[in-house]
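Look for chain A in each of the two complexes below; its partner is chain B in the first and chain C in the second.
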Partner chain A sequence: MRLTQGTFSFLPDFTDEDIRLQAQYAIDKGWAVSVEWTDDPHPRNTYWEMWGHPMFDNPDAAAVVYEVNECRKEHGGKYIRVIAFDASPGWESIRMSFIVNRPKEEPGFRLVRQEGEGRTVRYTIQSYSADRPEGARYA
Partner chain B sequence: MNDMSPQTVTDGKKRYAAGVMKYAQMGYWEPDYTPKDTDVIALFRITPQDGVDEIEAAAAVAGESSTATWTVVWTDRLTNCDKYRAKAYRVDPVPNAPGEFFAYIAYDLDLFEPGSIANLTASIIGNVFGFKPLKALRLEDMRLPTAYVKTFQGPATGIVVERERLNCYGRPLLGATVKPKLGLSGRNYGRVVYEALKGGLDFTKDDENINSQPFMHWRDRFLYCMEAVNRASAATGEVKGTYLNVTAGTMEEMYARAEFAKSLGSCIVMIDLVIGYTAIQSMAKWARDNDMILHLHRAGHSTYTRQRSHGVSFRVIAKWMRLAGVDHLHAGTVVGKLEGDPATTKGYYDIFREEHNPMALENGIFFDQDWASLNKMMPVASGGIHAGQMHQLLTYLGEDVVLQFGGGTIGHPHGIAAGATANRVALEAMVYARNAGRDIWNEGEDILRDAAKTCTPLKQALDTWKDVTFDYASTDAPDFAPTPEVSA
Partner chain C sequence: MTETADDPAPRPETVDLARAFEDSGTGDVLRELDEEMIGLAPVKSRIRETAALLLVDQARRQMGLATEMPTLHMSFTGNPGTGKTTVALKMASLLHRLGYVRKGHLVTVTRDDLVGQYIGHTAPKTKEVLKKAMGGVLFIDEAYYLYRPENERDYGQEAIEILLQVMENNRDDLVVILAGYADRMDRFFESNPGFRSRIAHHIEFPDYSDDELLRISEIMLGEQNYAFAPEARAAMAEYIAHRRHQPHFANARSIRNALDRARLRQANRLFSEARGPLGAEELSTITETDLRASRVFRGGLATDRARMAQAAE
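This part shows the complex of A and B:
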């Protein structure tokens, strides 16, 4: 399967130039860009690991591309995303989030059904990758 | 009528002599009045009957929407009646519309119960719209003071938290209404939901009149829909939702349906505008208490919003609904099959999404309006839109909007999932191009064609709907050109 979280997952995988263009758009809007990675892509796994702090005062998206590539050296077999954070009043949250790296094999998710009373079903989604211990989930 | 001058009669004996007196003389016309920061202000478009003076007509509207009745009553003197009388303070001719006038009327805050749309509307639109001296009357806009705004809950979730819950940022959300709107069984209905969500949509939607009918009872729909939502979520790794319409004949039944939706893990429920303001406020409170996004379908609104001379403008309904506390509300597409010109629609979207609305006569917004940190409402664009319009939709409507392609998803020649994928690819390609600095308004068709080279479903969608446009004159355009001739 292809994990389609994020702003651009239906487009072909991003090149460094794609990353730079989109990150520069965010920077020019005044948003702080950061890099995060995970080996548990569950749709409600909110907190991916931070690759350093958000780059609050960075004017140049080349620095974002550099950090993505540094992160790839250590976590190249996992999911990496770029996030843009907007601190302006009334928002104070994420404005963009797009995946820039994914494992070669994406095993996806198991849907677990617990049959309840009547015809109700309680659903749980589990990442197949999370069956293995943290750190050993992808090559 | 004993005196033709519109001045207020101040002598107590004459003012309260039994009989009939002009509204303007009773104190409902005060041209020197400066509205207080705490006053509610209503702007009416009035069309007086032939021979009825516009000042007297405006005063009558002020009177009938506040304290007056048709004759003088001495019991006014048992009250602080100057305070409770609404005051018409300004009457302007409507540009290019002979016989029509804009009347500005101020209401003291104490005339209204805190936190009750029902009470606000019972005054402002309660009796006065059937008043005989007027041919027609339309409530065009309202200024709601901060002190009053703060008595309302506001949207249960709001745009920011909705995006956080959905884990979806940086692009419009995508939806589709399940079609045909009537007749599908629960099992067939869930199939449409599954295909559309798996193909790339964030949401699917019940239509306004899908409640609990012989062909599909509500529990069946909810159960099959949630199977579809969870299957699609597992297939994509995304949070998905379907607006389960809980509209029913009683409040008790709506609560029961909403509770069932919650127990099945739905992130969103839906209601129709026709359930009424109090029911909407109750459901908004329920949604806040239960971490649920609340979608409102504006079923019925065109019966009173569409005609320019009579009724209530949709911008006023939008303000009331932001107070009442819904998260989603349909607000027009500009380019689709339903009413809405670009300038007026921009005014609606600003009311939904901005923290502060400056006066913008060119968008039909007559007053500065502060929203006092009430959450923002997500506008929903639905009705006759398709992937080939993506550049226009993104330009007109921006990023914080749900674009709903019902026919434009389900009518795709290669199936529902293909239709959904076409829409999602078109959307992401257009957002990408905009962010990369391209002129999407002029280059939109090229951008879509390029994206279609690696996406066959998009190519098929563009080929199928390339010539579909809905180009009709709008019945409700702003009265003012971009350079305002009148200032408020």
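This part shows the complex of A and C:
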């Protein structure tokens, strides 16, 4: 099951040139772009591991593509995303986030039902890959 | 989206080089270079040649005759104060107009910005600088300091390796200009053959002649709304002739420093001598006495030190 999180996730995978153009858009807007990776695909897993510092003062997006490729060398079999942080007052949050790298096999999620008091049923999802320990989740 | 087979841009049959020259704004940059920089004839002709080459190369790529990006890394060699940084700035804007770099900004660094203090510090530092320079021009001043043969554990080597790697793999993303004194740069290239082969354009900056320095001094004063009194101009010419043979002569930079000191003396003189209100004329004129007070006319730094040593004894 293809993970659909953030912007553009229903589109085919981006090429490096596509990544560069999107990142350049964010940079031109004055947002700080950074690269993050994780191997826990749960949608509520907000805080991914940072790959280096956010790039506050790089005027050109080639630097972002460079870092994405450096990150792929290390974490090629995991999820990698590019996020753009808007520091302007009144916003101070992520403006844009898109996945640029994903594992070959994405096993998807199982639905878990919990019987609560008075026959209440609580639903949650669990990633199949998260059964295995961190670092051993994807080939 | 990247170019695919289904959107073949129509290839032009002919190219108008003169038109491309004007449209890209290359002409403006070259004219600016001609007007703002005094002397430096060999440098200017080299830059004009380079611009022509790049323009033709661009046209060839439009017609599908060439696909490779040419190597644009350069080395600027010359004595201090010969305008290397200023020309690098112009070069960055030239490459930007021609579409060889996307942003056209200049990032100036020295060894300290690239090489770390301890193990594992150098690589991130160098990469940070390279990332900042992407889309523009990275200007490494006194590049030979990167390589310290006397210390085999020097971290400079690590910075050099990363630099070479990025210069090769990210050729479309940034242009590196190495700058420094001619003889030391030669030795640097000898011990790092990787650099020599990756640098296509070696540009030499000649020293300025006395006459050129005098013109430069007038322009520098003009920029700050000062002017020489007629006899002060002669004094300046004499000053330049003297200064050239004294230690630590740095071409235009020495001139700038001399003018700064002359302005200081002028301010002092006005303060101590002025009786009553001063006009714009007095406030912006450098006179002969402001220049003649310089120790350069008495033999320079060396004689001053000798006298002080004598006094100390």
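FYI, the second predicted complex is superposed on the first by the 136 of 139 C-alpha atoms of A that agree within 3 Å, B and C clash if a C-alpha of one lies under 4 Å from a C-alpha of the other, contacts with A are read in each partner's own complex, and residues count from 1 in each chain.
The criterion applied here is as follows: contacts are C-beta pairs under 8 Å (C-beta built on N, C-alpha and C of every residue); 3 or more make two chains touch, one makes a residue touch a chain.
Owing to the predicted nature of the structure, the values given are computational and were not obtained by experimental measurement.
K.L.:
Would chain B and chain C fit next to each other on chain A once aligned, or clash?
P.N.:
Chain B and chain C fit side by side in the superposed model.
K.L.:
Examine A:120 and indicate which partner it touches, taking first as chain B and second as chain C; both and neither are also allowed.
P.N.:
A:120: touches chain B, not chain C.
K.L.:
For A:104 in the superposed arrangement: first (chain B), second (chain C), both or neither?
P.N.:
Neither partner.
K.L.:
Draw lines from the C-alpha centre of chain A to the C-alpha centres of chain B and chain C: what angle do they form, to the nearest 10°?
P.N.:
100
K.L.:
Would you check which partner chain A:91 touches, where first means chain B only, second means chain C only, and both and neither mean what they say?
P.N.:
first
K.L.:
Does the superposition put A:3 against chain B (first), chain C (second), both, or neither?
P.N.:
In the superposed model, A:3 contacts chain B only, not chain C.
K.L.:
Output check: A:22 vs chain B and chain C. Expected answer is one of first, second, both, neither. What do you get?
P.N.:
In the superposition, A:22 touches chain B alone.
K.L.:
Is A:73 contacted by the first partner chain B, the second partner chain C, both or neither?
P.N.:
Neither partner.
K.L.:
For chain A, which side has the bigger count of touched residues, chain B or chain C?
P.N.:
Of chain B and chain C, B contacts more residues of chain A.
K.L.:
Between chain B and chain C, what is the tightest CA to CA spacing in Å in the combined model?
P.N.:
Chain B and chain C, overlaid via chain A, are at closest 9 Å apart by C-alpha.
K.L.:
By the touch definition above, which chain A residues appear in both interfaces, chain B in one complex and chain C in the other?
P.N.:
On chain A, the overlap between the chain B and chain C contacts is residues 18.
K.L.:
Taking the touch rule as given, give the residues of chain C at its contact with chain A in the complex, in rising order.
P.N.:
My answer: residues 1-2, 102-103, 105, 124, 130-132, 134-136, 170, 172-174.
K.L.:
Across the complex, what residues on chain A touch chain B?
P.N.:
1, 3-5, 7-12, 18, 21-22, 25, 41-44, 46, 84, 89-98, 108-111, 119-123, 125
K.L.:
Under the definition above, what is the set of chain B residues touching chain A in their complex?
P.N.:
Against chain A, chain B makes touches at 160, 163-164, 167, 169-171, 200, 223, 226-227, 230-231, 233-239, 263-265, 355, 373, 376, 421, 424-425, 428-429, 431-432, 435-437, 451, 454-455.
K.L.:
Within their complex, state which residues of chain A touch chain C.
P.N.:
For chain A paired with chain C, touching residues are 15, 17-18, 52, 55, 57-63, 66-67.
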